[in-house]
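There are two complexes below, and they share chain A, which is joined by chain B in the first and by chain C in the second.
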Partner chain A sequence: MAAVTEAKKRTVRINGCVAAAQAAKYADVDVIAAYPIRPYTATMMALAQMVANGELDAEYIVADSEHSQLSISHGASSSGARVFTGSSGVGVQFAYELYSPISGSRMPVQMMIADRTLDPPGDFGSEHTDALSTRDMGWLMGWSCDAQEAFDNHLMAYRIGEDPRVLLPQMVCQDGFFVSHITSDVELPDPGQVKEFLPPYKHPYPLDPRHPVSHGPQIMPEQGPPLQLERARAMEESMAVIEQVHDEFANIFGRRYDPWVEEFMTDDAEVVFFMQGAHAVTARFAIQHMRDRGLKVGLVRLRTIRPYPTDRVKEILSKFKVVGVIETNMGLGSVSSGGSLYAEACAALYESQQRPLVVSFMAGMGGEAIVLKEFYWMTQKMIDAQKRGKIEKRTHWVGFEE
Partner chain B sequence: MSYTELTVWTRGIIMDKEGRDIVNSISASARLEGKFAQAMENYVDNPDRTNAPTRKYCRVSDGVIENELTYENEQPNIVVLVEGTMVKGWDYMRGMPPGGTLVINTHYAPEYMIRFVPGAERLAQLVCVDAAKLADHKWLYYRLGELGLDRLSTEGAAERNKAIAPDIAAPLIAAVVKTTGVVKMETIEPMIANKKAFHMALDELHIMPLNPVAV
Partner chain C sequence: MATIEVQRQLLPILDSPNQGARFYNPDLPSTEPFVPGHRTCAGCGPSIQYRMTSKAAGDNTILVGPTGCMYVANSSYLCTPYNVPWAHTQIGSAGSFTAGVAAAYEAMIRKGKWKGAYPNIICEAGDGSASDIGLASISGALYRNHDCLIICYDNEQYANTGIQASSRTPYGGMTTFSPPGPMVPEAKTLFPKDLARMMAAGHPHCYVATASVGYPIDLMNKVRKGLNHKGAAYLMVYTPCQKGFVYETPRSIDLGRLVVECGLYPMWEWNPETRAYNYSFRPASMRPVSEYLKLQGRFGHLHAEHIAKLQKFANEQWRMMGVELPEALIQAADAKNLVNMGSAAEAEEVAQTV
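Coming up: the complex of A and B.
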């Protein structure tokens, strides 16, 4: 069996958008709700072609807006279909009304996000604010840093979200351009292996005239809290499922990811970056160069932000002297007056006996690439804080300071 | 360590696929040869419009490409103009280190074209190839209907024609590979759809050797 399946996997050169489309195809989705917006557009173009060519048997619905896209997804998922949708930037925002209803009715819709900055400046560059702004809506959420990881995350997210212990929608995020538009090697698995890993979706209470059920009816105020509690518990209970699914994925496909964080050169590190997404690729190169110069710097990349691995983050970040949070998102007027990731890091560390200094870096804003010398600059800021025993200020805007 | 940047300048919709085919086939060949390579489109040129200039990038290296996430090629060693009139008006030579190669799709000779090239003193060679003629290229107005269906801005995701270099890209790839050796001829040749145009181009290149100086 294993020998046969080995033979059917193949490596292709595709970008993150097409990797996401391939994942939807391998997941054999039933309904696709599309509406174009850069940079995720190419995902839907690729899927349209797969459906047109007969490679994928799915209902492909072109919506008239993102709001409709998510409404279609909600309805389709309620009928028991495996649903794939996606968006970017302001498109993610326009669909906002639907995020809570979809998770509230426990529909495991999957949404691909290729990040784009919100307006202004209205450019195509990647900032995580679009998806992050929906982070407390009851969707599982995490970032990949390359096309292969994006492909894998899509498959795993379906498996996690559709687990009867979870039944939650998933946002599978990748940086616009840095992942979505850069071509790299992606190993596509044997379809048989995918079937083994991701069985057909079966919702326990689909809309079906033969077995009438109600979804999302108007309820009395006192009926609300129990529903909210159940949704919160599903989010908590998903953590064990997430770990189990990552294990199974590694056993079947041979790629093992820590579900929560990637640690890079942290063994003896004193200062570390804490970040999400594609800039980790450049961070790794920068860290290797700084290691050559004797600097004890490392990287902790968050792979899953919802559910937030509070204890894991606390345990890991407590090992270091200084943590530099690279935001790539806007949290205007927030705790650090910079991005929103700072508060997530600090809150996890609050219960720690050994708290590192935490500083926030506004970098990669507007989709600017974070270049090596900016990582060097940020490392120096962390080392200065370590020497001084306190941070200079909570938030640095990289590129705007000496 | 050898590191090469290739930038292709082409025109939106009507010759966008040609530009993509050049960078994709060269980067794929480099990967087959065990090198590190990357191909991508200029992010802000897309979605492309008919005839608007668009840029495609390829990076080939013996080692890992640390600037993988930067948007543009800052120091192109090889520049290709898929459409000859682009020789005027665009700053395609910007950042080219001394010793570069410029390949132009044109029926003119290099001796004529060089007068339009800004910063030509950086070139080690100017290569002209009549790619449109060699590939028997049918221009936009002959096939607007086909292009309209097939070449709405795709960002490379959904082209109906899966063949690599069925048209003017084939002679241009031949020109790049023969004059720069960025990848091996035998690696890339099997990928090319228009083999006739590819092979004819190998004998019909107009190469003008130059003595590059630093600027």
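Coming up: the complex of A and C.
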């Protein structure tokens, strides 16, 4: 088996969008709901070609809006089909109504997000605000930082979301352009490996005329809390499944990810960046440079934000003196008056006996790259805070200060 | 890729001699996919329609219910009236959710993941969903020609939210969003969106028809024709709402006939093969609109000039169907020949005017 598997694996040079499309193909999706918006569109373009070529047997639906994309996905998933959809930026928001109904009816729809800033003013760049604004709607959610990880996350997300202990939809996010449009080597597996890893989708209560069920009837107020509690529990219980699936993935495909966080050069670090997504690639590079100069800096990259690994984040971040949160999202008027990741980091640390200083950096906004010298600048701010024993201010807009 | 051919159902058309007659004895299928036990109002037009429609479709059926009366009043938790699979969806998702169900069955049957004949997939959208918020999603489903039937149960208002005007609310119809007052004596000032015709004109490959609960066999046959048509079908059904129209509960079916007899609800079918309208449906008699209006509290505020406008509208509908108008109806479109609704006595006078 192993020998055959090795023979059929192949490495291709593709971008994040195509990696996501490849994952959907390997997952043998039944229904695809597309609607164009940059930058995720390239995923749907790739899938359209696969269907046209006969490489993938799926209903490829060009929807009339993102709202319809998600409703089509909801209907198809409710009927027992494996579904793939996706969006970017304002498209993610146009579909907002559907996020709670889909997770509430426990349909494991998968949605690919290639981040894009929200309007105004019609910026194409990547910013995580689009997907993050839906983070409390009951969807599993996490970011990859390169095309290979995107491919792997899509496969794992189907497996996790469709697990009968979970049955939740998944948002598999990647930064627009930095991941979605940058090509890199991606190892595509043997279909046999995927078959072993990902069993066919089987919802326990689909819309099937042989076993009539009613989905989503109107309820009385007192019947609401038990349903909300069940959804909350599914999210909590998904944590064990997520860990198990990451283990099995490593055993079958040979790539092992920590499901919650990636730690980079944190062993003796005193100050660390806490962030999600593609800019972590630059961060690793910057950290190596700074390490050469003797600065004890490291990186904690969050891989899964829903469910939020509160205890892991608390345990890890408590080891350091200063945590610099790189937001890449907007939380206007929020706790830090900057982004929304700061509050997530601080809340996890609240119960810690040993709390680091936490500072928020507004960087990578509008799809700007975070360049090396900005990482150096941010590191200096953290080191200054460490020396001073307190932060200068909660939020720095990087590039707008000396 | 090996694929399995999708088998589709063919439902027989019911015998219906003299379908426009006021009284006839329908011979209905015994199956009841929509059973009693729901919370709709007595005499609810949409639920009468629901029963007829689902009877016509039979048991190999999946129902989709966008938000509206037929969601809220039908499905109280742990007690739904559906004997076939049913799913709620958002009010703007009528066409899209239904398309998802249809696409899922196409793919699952083709790929051998589900075995059996392709089910009837029916969406029951209220006129708020169908004419306003879900219009684009329904147009999308019709345009893409998913094998499904989308029904607009047209009670001419948002009833579930407490009677608000929709773009199907008739001219002169009082709702809580279109109340009459000194500045707006006629209440609703706009004539309704010609929804079914929009659907036929814009999606000529679809079977499109209008129907009314007043003619159950005709309704059921149109449901079956829509389901038998391979591809998308659209049906707009007049379903009076006792709560919003304000009439005596037992008169739902009467209204369903009167609205056709007075020309306010043209009955037609669009044939996707010949790409032509079929206007052959003829009610047993033709009546002035005032006979229909006077039974309903929502029109109680109308003045003669408003009734004349409605009669003019009805006359246009008759002409459009190729019907020659009797002199009495032409006269009835002149405000001079009409009186205000105002009171019951006046209403009686209205009836005797023409």
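Note that in this section the second predicted complex is superposed on the first by the 402 of 402 C-alpha atoms of A that agree within 3 Å, B and C clash if a C-alpha of one lies under 4 Å from a C-alpha of the other, contacts with A are read in each partner's own complex, and residues count from 1 in each chain.
Operating definition for what follows: a contact is a pair of C-beta atoms (placed from the backbone, for glycine too) under 8 Å apart; a residue touches a chain by one contact, two chains touch by 3 or more.
On a predicted model such as this, the values are computed, not experimentally measured, just so you know.
Chemist: Classify the contacts of A:48 with the two partner chains as first (chain B alone), second (chain C alone), both, or neither.
Modeler: first
Chemist: Counting only touches as set out at the top, which of chain B and chain C does A:394 meet: first, second, both, neither?
Modeler: neither
Chemist: Now for A:369: first (chain B), second (chain C), both, or neither, which partner does it touch?
Modeler: first
Chemist: Quick check on the superposed pair: does A:255 touch chain B, chain C, both, or neither? Answer first, second, both or neither.
Modeler: neither
Chemist: Of the partners chain B and chain C, which touch A:59 in the superposed model: first, second, both, neither?
Modeler: Only chain C is touched by A:59; chain B is not.
Chemist: Check the contacts made with chain A and report whether chain B or chain C touches more of its residues.
Modeler: Result: the larger residue contact count on chain A belongs to C.
Chemist: In the superposed arrangement, does A:17 touch chain B (first), chain C (second), both or neither?
Modeler: In the superposition, A:17 contacts chain B only.
Chemist: State whether A:291 touches chain B only (first), chain C only (second), both chains, or neither.
Modeler: So A:291 meets neither chain B nor chain C here.
Chemist: Mind working out whether A:9 is in touch with chain B, chain C, both or neither, as first, second, both or neither?
Modeler: neither
Chemist: What part of chain A is in contact with chain C in the complex they form?
Modeler: Going by the criterion above, the answer is residues 30-31, 33, 54, 57-59, 61-65, 67-69, 71-81, 83, 97-98, 101, 105, 200, 206-220, 223.
Chemist: Under the stated contact criterion, what part of chain A meets chain B in this complex?
Modeler: Chain A reaches chain B through residues 13, 15, 17-18, 21, 38-39, 41-43, 45-46, 48-49, 123-125, 177-178, 181-185, 278-279, 281-282, 285, 369-372.
Chemist: Applying the document's contact rule, which stretches of chain C touch chain A when the two form their complex?
Modeler: 1, 3, 59-62, 64, 71-72, 75-77, 80, 82-90, 92-93, 95-101, 103-108, 110-111, 113-114, 116, 119, 136-137, 139-140, 143-144
Chemist: Hey, which residues of chain B end up touching chain A in the complex?
Modeler: Listed in rising order, the residues are 24, 27-28, 31, 38-41, 43-44, 46-47, 64, 66-71, 154-158, 160.
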